[in-house]
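In order of appearance the chains are A, B, C and D, and numbering begins at 1 in each one.
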């Protein structure tokens, strides 16, 4: 209950981030309204799909994390704001990567924001576990957290690949997103109502 | 209670979608501020009215659906995000159709997004019914769900008509919206407080 | 409690409307960053202040109205969406009036949206009173509702004045807003916690 | 509980303000997608970081303030809307300062908005203390409120410095933000759950 407002504020910010990204898909002007007019929109659309997935994954994980968190602290408040800050850069890096059709620097920058966001989430998770206790259901269920640990490494590799073959960086970011999409029963199992 | 945050997040996204569509109505620049200046805004306004209606209908149905849903699952979470994704494309397709005054391809694309959104809602509804039980009040009250089944077929016909006579496609989309506007007592009757 | 989600959704839409209006205040480009650069922004700023006031007044009244409303109905849902629709036009008419420095047609259009919004609010209020009962505290406290009845008439006069002397229309809109700002103890008195 | 909707609406507005500021970071167009293309974005990014910090600080303080406030009043409602109004100007002044690389007038205007926002928060805090009582835990814990009193003076000095050496004004605004970031245990200690 004490975390209600933190959750509501985060929901608001995430809802806006996930929605304003679509504004980067500019309506074609000065062209015939046919299929060809949609062609330049396609890469922006694809990068939007990827970023929608990522914000959706973060919302999902955030939702499970705070369902298990009884109260907030100054540390959790700021770790949460820090996470939201990096997520708020998604529309910018998504748009830039989309408009430049997944070229080097934009792909690497996208990966860099993914990397820092993942680290920010990790810090928040540590603080919430500290609040709930090391032996809490939440802590047990997160367990060794191999996804959380593998992701930053994969993003770092993706950044490197972006300089060699931009599409390979993009492919790796997609792969990591799909890895997270596979239902993760750890956190769900920890919830009171699933106990 | 467990669905609170899913509802709050969806409300946030729907509130933003319904509101940013109005940003596609660009303030006239470089013209005398008279009635003629508003003329090019009119088709965008009309497509805005139609899309506002559709998002309103989805919010209404979503509201009733989750009032009857006791808890969430990974499937419901992602089916809901999938629905929100397609709804988030409304501002783009609405603006494109409006600016091109209901010509072929934009009208067909608008219908295609309506179609996929309707299917996405249907999937979400199936999952919620699965969670509440086949004999639940919700399942009984939705019943044979003729509106939910007729809509995708009508959208598909609308897409076809858009290629023949774009205004006929648009007219069909309007007709389907009005069909949904007629109060649907099924779901309301299933609510605890109406029982 | 049953009105929670209607209130949350309305809060979301009103929060967005009140905030995106500020986007019409375009950052000056291609000019020296001095006081003169802010001059063209001034009328947009003034119309923003006025519209912020109006949306604030509607949020305030909406808040009091639903605090006293025990449950929703299909009629209330759609009357509420209708109100939100007209409020969503505020950013457009505010920006157009501001950019054209309160000239005729934009001032009249602004008044027309104020007028339809006031009527929409009146309809919503009637439906809520119908739900709470004619002898409810809410109905008693709203009483003869002279502000609600005078406002549409004053807006209509403002529209007329806009054609004669645009600044007089604007001045009347300001006057009506100030009339609403004066604390209205009627509704507050009806609230359980003030009883 | 009575303040729920005021908090929800404020959360919505603050979530939007904090997020739309990022829209001022325009995606580079018409340049090669390399590091040099990001150079003009850098000052806008830096001013975004600063404003994100400030909105985060206000959200944090607002959160603590209303956790301790049992009920609303017409005065609190309007003092809160007044605070939100000045906060809503952050995207404009942030963008202008960022795009002009912290030159005189934009830096002074940024400071002026910080100053008026701080005074608005002070007024809101006075009204909430009046509602909770002079001997309430909230009032005791806020105590002499040296940060709240020092900030407006520092902003005023910052405005003055902006005219002499714009970077010194900016540096002072950063310093005040950092001063607020240092955990303030006064308000937290006053919360029921920390008692």
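Please note the rule applied: a contact is a pair of C-beta atoms (placed from the backbone, for glycine too) under 8 Å apart; a residue touches a chain by one contact, two chains touch by 3 or more.
The structure presented is a predicted model; accordingly, all values stated were derived computationally and were not measured.
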item: Identity of the chain that, by mean CA position, is farthest from chain D; value: B
item: Numbering shared by both copies at the chain C-chain B contact, with half separating same from different; value: different
item: Approximate Å spacing (C-alpha centroids) for the pair chain A, chain C; value: 37
item: Chain centre separation (chain A, chain D; CA means) in Å; value: 26
item: Residues of chain D whose C-beta touches two or more other chains; value: 8, 12, 15-16, 20, 23
item: Interface residues, chain C side, partner chain B - complex; value: 2, 5-6, 8-9, 12-13, 15-17, 20, 23-24, 71, 74, 77-78, 81, 84-85, 88-89, 91-92, 95-96, 99-100, 103-106, 109
item: In the complex with chain A, residue positions of chain D that touch it; value: 7-8, 11-12, 14-16, 18-20, 22-23, 25, 27-29, 33-35, 37-38, 49, 52, 56, 59-60, 63, 67, 181, 183, 188, 193
